[in-house]
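Pasting a structure here, questions to come.
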Amino acid sequence: MLKVAVVGATGYTGRELVEILIRHQYVRPHYLTSESYAGQKFSDVYPRFRGLCDLPLEKPDNDRLAECDFIFAALPHGTSMKMVPGLLNTGRPVVDLSGDFRLQDPGLYPVWYGYEHCHPEYLKQAVYGLPESNREKIKDARLVANPGCYPTAVQLPLAPLLAAGVAEAEDIIIDAKSGVSGAGRAARQPYHFPECTENFKAYKITGHQHIPEIEQGLAAAAGRQLKVVFTPHLVPMVRGILATIYLKIKARIAEEKIWDTFREYYDSEPFIRLLEDLPETKHVSGTNYCDIAFRLDKRSCRLIVVSAIDNLVKGAAGQAVQNMNLMLGLPETAGLLQGV
Amino acid sequence: MLKVAVVGATGYTGRELVEILIRHQYVRPHYLTSESYAGQKFSDVYPRFRGLCDLPLEKPDNDRLAECDFIFAALPHGTSMKMVPGLLNTGRPVVDLSGDFRLQDPGLYPVWYGYEHCHPEYLKQAVYGLPESNREKIKDARLVANPGCYPTAVQLPLAPLLAAGVAEAEDIIIDAKSGVSGAGRAARQPYHFPECTENFKAYKITGHQHIPEIEQGLAAAAGRQLKVVFTPHLVPMVRGILATIYLKIKARIAEEKIWDTFREYYDSEPFIRLLEDLPETKHVSGTNYCDIAFRLDKRSCRLIVVSAIDNLVKGAAGQAVQNMNLMLGLPETAGLLQGV
Amino acid sequence: MLKVAVVGATGYTGRELVEILIRHQYVRPHYLTSESYAGQKFSDVYPRFRGLCDLPLEKPDNDRLAECDFIFAALPHGTSMKMVPGLLNTGRPVVDLSGDFRLQDPGLYPVWYGYEHCHPEYLKQAVYGLPESNREKIKDARLVANPGCYPTAVQLPLAPLLAAGVAEAEDIIIDAKSGVSGAGRAARQPYHFPECTENFKAYKITGHQHIPEIEQGLAAAAGRQLKVVFTPHLVPMVRGILATIYLKIKARIAEEKIWDTFREYYDSEPFIRLLEDLPETKHVSGTNYCDIAFRLDKRSCRLIVVSAIDNLVKGAAGQAVQNMNLMLGLPETAGLLQGV
Amino acid sequence: MLKVAVVGATGYTGRELVEILIRHQYVRPHYLTSESYAGQKFSDVYPRFRGLCDLPLEKPDNDRLAECDFIFAALPHGTSMKMVPGLLNTGRPVVDLSGDFRLQDPGLYPVWYGYEHCHPEYLKQAVYGLPESNREKIKDARLVANPGCYPTAVQLPLAPLLAAGVAEAEDIIIDAKSGVSGAGRAARQPYHFPECTENFKAYKITGHQHIPEIEQGLAAAAGRQLKVVFTPHLVPMVRGILATIYLKIKARIAEEKIWDTFREYYDSEPFIRLLEDLPETKHVSGTNYCDIAFRLDKRSCRLIVVSAIDNLVKGAAGQAVQNMNLMLGLPETAGLLQGV
């Protein structure tokens, strides 16, 4: 069994990594770090893991990291930027789950994240970790920037359509909805149970930091620059993202052509499910699947694509493990083809 | 106190009518009908109302209806169509909460509702009951067709923008989300608690029966025919609708112009709240308010409008009472300006 | 309209007081205080109240308090103790919703609340505000200590049984369950939506501060000292308390005798509903009712009593308004006989 | 890989069996039956399993059953009674998850289940499948009656205390709370999302069919007949049971003695976790653990024991797999030591 480190193990993505790793056939969690909970056990913070994972939480230490074969960084953005270069110095391959190494253009960080990038030289080296688009590069990468939850739910259904020219690269409208775990583990007023349950709202309209990541990925697929409208919403549930995406098409496109495009791209992909029925977040809950369906609205010449993922699995920890599998030469689906 | 009948009192809209009417200053529920529960009391079906409303549930009877000063029909669509003419024969004014008298063109019923209208001659006489657009006609109406929940949440924010020409009448995309009470009281698999909680999904894409109602209302505002893309979603909560609407604008429109348009239309409207913050369904829960806010996306020349209503109040029973108030010459806000 | 002050208006009980008072026929909220939010409007903190209550939040001020006819103190325990004497100095009658004036024996405060009472001289003057047991004293009181949520749900069903000697005063076991609003408005980890939803737990077993209040009330009913076992639990819902209470009875007691006892005490009580069906928290939600039912377990000679209240209404703000009505000589049910 | 049949695969316990079996190291689901859904795939009924388990659903057939090495019966009680003898005729070992073979005394079926047992001759042969109490007999059994969810949550914490004489066998009060999946998959009014969410209630007080099963198990532990008071409640969540149990003890018992008793029984048990903190249902969700803690109430000489399980795992499918492992000579924890 290979040894794995999770730096920042007590946030929700760190927790989900542990959940997946303790079931993995080829690796096991070996070293878990936490600034806030150092000295406690992982199962003190998450009592569900008593007996399943009682590893101690420690302050990050290079010698301990060097004992491991692989490192996940599950840190807040802004923090990850500062820590990851040190992690890479151990010589171990790293998957970073934050947004800090996803954008190739360092100039986008001040605009969308509100800070200058302190290590822009790593942005070129970082490989964007969407295996369905980028598998070969991931295999050779030392640093993989694991995609954001919304960008995963958006790029997977759109990349084939844009690459094949089936949908137009203009006027893309993305209406996305996420469960509350996407907001992280810190208790704050909007996520206080009595405020959050029985409530639905939009947030960060026109300003969400995942917009440039989505545009970067879709531009690569389309082979041209593009802009999207992206509106995230908060759903009173724990897990899941559903994205409803409105695309322009030519009037005379046939439904079958769209099916063919998806099938061509995804028929051998282990984690993409093309559906006739509409996706529901419960159907991907605890799995690494992305479910995709579409409807043609002939009245408006719009193609409406719906995708669903578990934001903590395919949108974070599951995809990170998928990337690790690729980087370590393990079977890509190891640890991921059963429910979490 | 005027006497009011609720025909079909045991569905969720009937229940909500009773909830509002028992607090109304000028009227009181007098006669409640139910096919399925005749012989029981209203409070047998809804035990919360023990002591608040213990009226018997009876099979509909014309003599009993004629004792009343006003009639609400809270029946399923398809059924209402057959019953309402008889209710009107009592000589009492009627608000119908179904979809059966909302569309002026009878030819739309087979397309969107799946049946021929059996009384198309009433469609011309019926007044569409959106007071903010249609107040004077409602005052004189004998039959008011109470708007659907989604159409209310969509028309209220869009009518001013289209009427003023601030937004274009083409390429309107409506992404709407509703709580589960919108699906009614009948227990069915998708609404079984373990299936429905922790789940989010889209449904009836391109085919929802509220589409022609929305298009009819917006066409009247815009002064021209138009088509919309409308996608409803199901949120794991009981009450509330939030609509996120994407509109095209001219590149150089100023935010202030949009504010002015809304203010001009709505500054004296008692149930419209124009907000700088984004609406949330919890903020309208149990109220007759429609909350509206907007954001300009200068990158895409799109105007994003967000509205929120309580689907059972402004989206059904509250608006029905507002219409009743207008039809009976009562203060328009009677019974409606406090939380439910 | 009489003028009412709410000192500490932004907690959940303060919010609920405002909710009830804006619908009250004889009084209206006039002066709302908040330490943390002074300078904002009430509707800034609770946007649902925009247009319904836009009063400013102010730091408490004696002159402003003296403008009012009545004062509610909705402060945390420990704080209320220090503030209430000053409120009484205005000469206005006061209902205090904290636990600070409920216990007659000052020696209980260090044991159960963890602090010495700084104004024990007020404990004798304070009248315990359970109208069903204490109505006449409340009418003449200047300071009413509004009962706790759990003590209300427990005393209402038990007082008649103990007073009539139908149940034994020994070996009383109370298993109580509360919605999350009982934990207050402050965001904390256990009430963070992803932690709190889909979770159920017991807390503070043998040590909850409501135990001495329950024992004091039941002892008065029974005419002797007694002890109870009390276990509170947290239910993943916002509102409601359900108490399941296990009592010893004599083997040969008839069910009818228990019904008679309840009816004798409660038949003319406006807010007690004796039921054959078992209570459910949804049936009292937003109301000032206490629903009560019982079952005799002949196999064990135990009487099982179940009661349900809305913890924020009959368990806090509704009962406080009921007390205010009594103290001001208004109809006892004013503002309370419709759903919130 | 051994081949396993699930007879009645589309109920919630059948679904959970499939969930566990597809991750099991030594067995795999081979044959799934359903009366209602025969002809469809398992993943048509549960779309989450697309790609994970796409087995067809078939009408039960003896030849197909005989292909399997092991049979689970996950049928409603009353139906199972009629089917299980036929399943045993295949010669394969069977775990029955219904209540139909749990009670040794056939005379209890008419009283608690409302029907005569049609095959009382199998009751003696059936082994009660609580491995922590009955491991050796289970290993040799051909028919194991898998315990009920509530009885599991009650017997695991109480058996050691009664066997050791630490708690008295009289006056046992069990206040139990279950998530909604315990009510099964059929959509019915009380479990309709808008009725069920934000609601808490007791049900079947004094009459739940799990009472005789609990009494039978506890009597075996105590070595004498006994009666319990048992009150189940419905919690608005999907999974989990929490039992709060009130026991009489002798005044002078030391806390350490109780710890010793539990440790002696359970220290080597893989699925029992003895805790100092109080159990929470979320901490056992998706696991086969039973978490147990206790508090001594010295004021009342009561011992309060709290246990938590996942009703679908340790309370049904997980325990069934644990029994299968024992019956097939596999490692007892196979397939069960990771989260579901």
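First chain written, first letter: the chains are A, B, C and D, and each begins at residue 1.
Just so it is clear, a residue touches a chain if its C-beta (ideal position, glycine included) is under 8 Å from a C-beta of that chain, and two chains touch if they have at least 3 such contacts.
None of these values were measured; they are calculated from a predicted model.
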Which of the two pairs, A-C or C-D, is linked by more C-beta contacts? C-D
I'd like the Å distance between the centres of chain A and chain C, where a centre is the mean of that chain's Cα atoms. 47
Taking each chain's centre as the mean position of its Cα atoms, how many Å separate chain C from chain D? 39
Two or more other chains are touched by the chain B residues 197-198, 236-238, 280, 282, 285
Which word fits how the chains touch one another: line, ring, star, complete or other? complete
Chain B partner contacts - residues on chain C that touch it in the complex: 19, 22-23, 47-48, 50-52, 198, 270, 273, 275, 277, 280, 282-285, 287, 289, 337-340
Contact footprint of chain D on chain B as seen in their complex: 12, 180-181, 185-189, 191-194, 196-198, 236-238
Note: in the complex, chain D contacts chain C through residues 171, 173, 175, 177, 179, 195, 197-203, 205-206, 227-229, 231, 233, 235-240, 242, 244, 246, 278-282, 285, 295-297, 299-300, 302, 304, 306, 308
